[in-house]
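Some structures are shown below for you to check.
Presented sequentially are two complexes of chain A, the first with chain B as partner and the second with chain C.
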Partner chain A sequence: MNAVYRSYGPLLGTIILLGVAVWTLAMIVGPQLFMIEQSLWRMEQPDSAVTAGMRIEELNNALSLAQYDLGALEGTTDPDKMAEREKLARSVSAMEQELTTLQGQDTAPVKVYTISNYTEMSGYHAEIFVKTIGASLMVTLIAFAVCYPVAYAAAKLAKPERAALILLGLVIPYAINELLRVFAWLMILDYQGVANSVLLWFGLPEPVRFLDSGAGVFVAMVYAYVLFMVFPIYNTIETLDTNQIEAARDLGASTWKIHSRVVLPHAKPGIAVGSIMTFMLSAGSFSVPHIMTRGTAQPWFSQLIYSKFYDSFYWNQGAAYAFTLLLVCVAFIILMMKVFKVGIRDIAK
Partner chain B sequence: MSSTAPSSSVSASRVVLSVYMALFFAYLFLPLILMVAAGFNSYSPPSVTQWQGFSLRWFSELAEDQRILQGIVNSVVVATGVILLSLPLGLSGALLLSRLDARSGSLLYGVLVSPVLTPGIILGISTLIFWRQVDVGGGLGLTVMAQSTFIAAYCMLMFMARLQRQDTSLEEAALDLGATHMQVFRRITLPFLRPAMLSAAVIAFLQSIENYNTTVFSIGASHTLVTEIGSRMRFGLTPVVNIIGLLFVTVTVAVAVAYVLLRQRERARTPAG
Partner chain C sequence: MRGKSVSLDSVSMRFGDFTAVQPTTLTIQAGEFFSILGPSGCGKTTLLRMISGFMSPTGGTIRIGDADVTALGPNRRPTALIFQNLALFPLMPVWENVAFGLEVRGVSRRDRREKAEELLALVALDGQGDKLPTALSGGQRQRVAIARALAVEPAVLLLDEPLSALDLKLRQHMRTELKEIQRKTGVTFLYITHDQGEALTMSDRVAVMRSGVVEQVGRGDDIYDNPATSFVASFVGESNRLTGTVDSISGGFATVSTRFGTLTARSGPGLAAGDKTIVFIRPERTRLQDTPDGAGLALRGTFLRRDLEGPFINLFFDCQGTPFSAHITNDSRHAAETGTDHWLRIAPEDALALPAGALARDE
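On to the complex of A and B.
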């Protein structure tokens, strides 16, 4: 803290500290805490309100009955009936009094702290949650398998000018909007799409419904996030001294050995970063399932969260679902850091 | 093992790798080409298999599409807001971290970059819930807040990379010679950071325009270009969306090529070493 004031002076130092404080508290920590808080309560009818409501209904019925009887006794001169009428009138006014006090009571739903927003995830939603996480892990694995050769070729095998061209070829699709990239796959996998035209031309009897099975979401997701794996791996492989690869080869190492003993260990931080990004983007993706399920395939977990917020307006459970998703992502980050033995500084580069 | 065997096996694996790279790039670019091609088909919904003749009509439909045009305006408004908020925040984060010791620095660093590793929908949701406490609902302003949460972190990382190469003796000399802290900042630190500021602004702008997952939760009843495209994916899809795709591709290619050329020229100008 003192170092900050020493280097920047009182005015600038205060502005800097204030800026960071606003950013951390009002944009990162605060919103997360409020989201967690929101997930831990729900509005419930208090027990007293429920019993009061039942009593009010009971009184209303009794009251209308008594008032009817009272009306029937109107204008009677029989002393027996007069006494009865007196009694009835008293009980009516007593009931009316009780009714007004009951109705005066606060019966509004009250905020109740509970963990049931988490525990009440239904079987169907839990199944979607597990499928989403499983599919995201698969996407991550496939993205790694597809990208590693590309990253290695761009970093170590290509001549500088060619490598620049390869990088340009990678940057361009990476920079094009995610929605549009996914839309391109919608046109391919649609019932009347390109893939089906090609398959029919090859003699398939009838078109395949790629989108209904959820396969469309998976294919488009690999396509949308594959490049988030390439760049981190490329960056780490590029820093590997090529002499190490050549030395290993001269000493008789096979291609497999070179990669498993020299290149892959060096690329660990890049693999960790690429995996974290790909997994996080897949598990939290809203755009890809939004476009590719078209309401026919099973939804992605992010779509459940969205509908909790904007269809059923049940924010408390929506927040609980969102926090659950966040926990899985944090667990994945910690796992990757442990497996690849990298620190947080290596990750965000 | 004979001396020629390794080299021939190396060249064989090179061929395999070349074929693989060709396939990979076909995989990357073919879908985009198909998408652009459908923009010139007069048939709607967008398709390349039901070809009804070459047409430019979707360009003129795009030019008359009020919701899309309003979406572009809104996107630019949000992106400008994001730049104005993210650059100062990212800069103060970078300046602070450059003066903190490793221990407290690491913790703060972890907190500040955590939004980059958080799913976008969660940033949108938490911002939405946070601002509802003071009765601020979804809209363009809330979207600026939600997006800046992680875009400021990108800006900070770029400033930090630049600050690492700074020679602090210059600032110390100026202070010794009687300059105020403000003067040092304005005359030495800021000019040194100018290139980083420019690229941070460009990145912030692009990230903001692109963003969907965070924006869809914070935008409320308003819309940006991308959320409008997103809602058309479900209802009212016409090749107008493909024309937008074409424009995105064109702008991206132009910017990427210009960037490469600029860097080559810069390298040619600065002498080696």
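On to the complex of A and C.
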């Protein structure tokens, strides 16, 4: 803080610090706190209101029964029945009085702080949650398997001009809106889509249901997030001194050994960053599973969150779901940092 | 460990239209400390990369010992290369660096560790095995690189200007160490450098290269005292030059007419009567006198300035428009004054006449 004041002076320094503070509060802390708060309560009817409601129901039933009986005894002259009628009329007025008192009580739902939003996830939703995390891990793994060779080739094998072309080729599709790209994959993998036409032409007996099986989500997702894996890895591999690769080869190392002992360890921070980004984007992706499954396969967890918010208007549980997902993502970041033994500073690089 | 010979037979390298190395035939003896000396861009690094296997020559064959290795990759040649920037693996501790070559050969961890300690002791780095390379000084890193290369028991160690990043004192120290390591191991050392001091002090033999051509191969003394071409004479060491025409040659000495008078000088290879010639005189062999007496030609020079080099002093003179310098031992007796005249005598055995050809074309 002192350093900021020293380099920018009191006026500019204050502006910069204020800007940082506003950004942190408004963009990071505020919305998260709001979300956490939302997830920790729900609207519930108070206990007294519940019993009162049951009593009202009961009274209403009894009342209508009594009133019916009363109507049947109308105009009687039998003294026995007269006495019975009087007794009935007294109990009706007592019930009516109680009813009025009960109805006068406050029955509006009240805000109750509880963690049940977190604990009440149904078995089905929990299964989807686990499957989403697993699938996101798979997407991350596949993206890594695809990206590492590409990044290595672009960074170390290709001539600079060709490397630029490869990277440009990777970037160009990203100039197109994500939805369009996903729809393109939908058309390719559809039951009557391009891929199936080609397969049929090659003699496959019947079209493959890519989309219903959920495989389409994988393909589209790897495609959609591949760039977030390529560039961090490319950047770190590019900083590797080529002499180190040559030195390893000169000392007799096989290609596998060169990668496992020299290139991969050097690329760790890039792999960690790429994995974190790909994983978080996949786990939180909404449009890709929404478009690619069209309800024919199990939904992604993010779709459940969406429907909690907008279909059932149950914001509190929606917030709890969303926060659970966030916790898993944070856990994943920490895990990645531990596994790859990289610190925040390496990642920031 | 035992060194092997390296033989190049008409080895050449072309990149498109550019010939980096002209067809070169050269034999490096087993167990020899051999240097290739030349200015940057002369093709010495290309030559080294062809011997190490990182480049395939566009012509000729390379043999190491009796085996033709022209078609083999760097991992299948009995050579080890020490890179200019050393290329140590920064994420591995020192001992793993040293043992890397053994690791990829499937040697067990215990044996690797043992061998690494042995090699670290050889390069005087005992007990430093668990540090990271970045924790070591420049000279120590240098020795790690040497130990790492020696771990694979190469027959030929290739060194690509490994000392250029070190400061002067350390460089001089490492020269002695390299020579010592070479003597102890018996491995053939092929040393690439643009620093003549390194080449002359360490090597058994030196090859001087220019523009893809090896101009001379010989012991350090030969290169320095009897340069074969005017390029070698001017690149290795300092020299004064006088241009002239050869009148006659007899008994290994040439009589040369210069604008200062007639001069007798040793006659270099390829010189004939009537040729244009450049006579090279080393500054330390120039005799500074108060009178023109003695054998050989004496030039009258006006003293301009002196540069203190430490052990000797470099004196600059102007001889009627031709610059001339003389080295004198720094024994604090010579105190010339600017503007005074002196005699610079050139004894016949201290002057060497070489064909002007190639050098004149350059300038």
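Everything below uses one rule, namely that the second predicted complex is superposed on the first by the 289 of 349 C-alpha atoms of A that agree within 3 Å, B and C clash if a C-alpha of one lies under 4 Å from a C-alpha of the other, contacts with A are read in each partner's own complex, and residues count from 1 in each chain.
As a convention for this text, a residue touches a chain if its C-beta (ideal position, glycine included) is under 8 Å from a C-beta of that chain, and two chains touch if they have at least 3 such contacts.
Quick caveat: nothing in here was measured; it's all calculated off a predicted structure.
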Query: Does chain B (first) or chain C (second) touch A:265, or do both, or does neither?
result: second
Contacts of A:249 with chain B and chain C, given as first, second, both or neither: both
Query: Just chain B (first), just chain C (second), both, or neither: which does A:257 touch?
result: second
- request: Mind working out whether A:241 is in touch with chain B, chain C, both or neither, as first, second, both or neither?
  value: second
- request: Identify which of chain B and chain C touches the larger number of residues of chain A.
  value: B
Message: According to the stated criteria, A:164 is in contact with first (chain B), second (chain C), both, or neither; which is it?
response: first
- prompt: Which of the two partners, first being chain B and second being chain C, lies in contact with A:181: first, second, both, or neither?
  reply: first
Task: Residue by residue on chain A, keep only those touching chain B in one complex and chain C in the other, then list them.
output: 249
Task: Please give the residue numbers of chain C that touch chain A in the complex, ascending.
output: 52-54, 73-76, 79-81, 83-85, 87-89, 91-92, 100-101, 103-105, 148-149, 151-152
Message: Give the list of chain B residues in touch with chain A in this complex.
response: 6, 13-14, 17, 20-21, 24-25, 27-29, 31-32, 34-35, 38, 46-50, 88-89, 91-93, 95-96, 99-101, 106, 108-123, 125-130, 133, 145, 148-149, 152-153, 157, 171, 180-182, 185, 206, 210, 212-213, 216-217, 226, 229-230, 233-234, 241, 244-245, 248-249, 252-253, 255-257, 260
- prompt: In their shared complex, at which residues does chain A touch chain B?
  reply: 3-4, 7-13, 15-20, 22-24, 26-32, 34-35, 38, 146, 149-150, 153, 157, 164, 166, 168-173, 175-181, 183-188, 192-194, 197, 223, 249, 255, 276-277, 280-281, 283-287, 290-291, 294-295, 302, 305-306, 309, 315, 318-319, 322, 325-326, 329, 333, 344-345, 347-349
Query: Considering the complex alone, what residue numbers of chain A touch chain C?
result: 241, 243-244, 246-254, 257, 261-262, 265-266
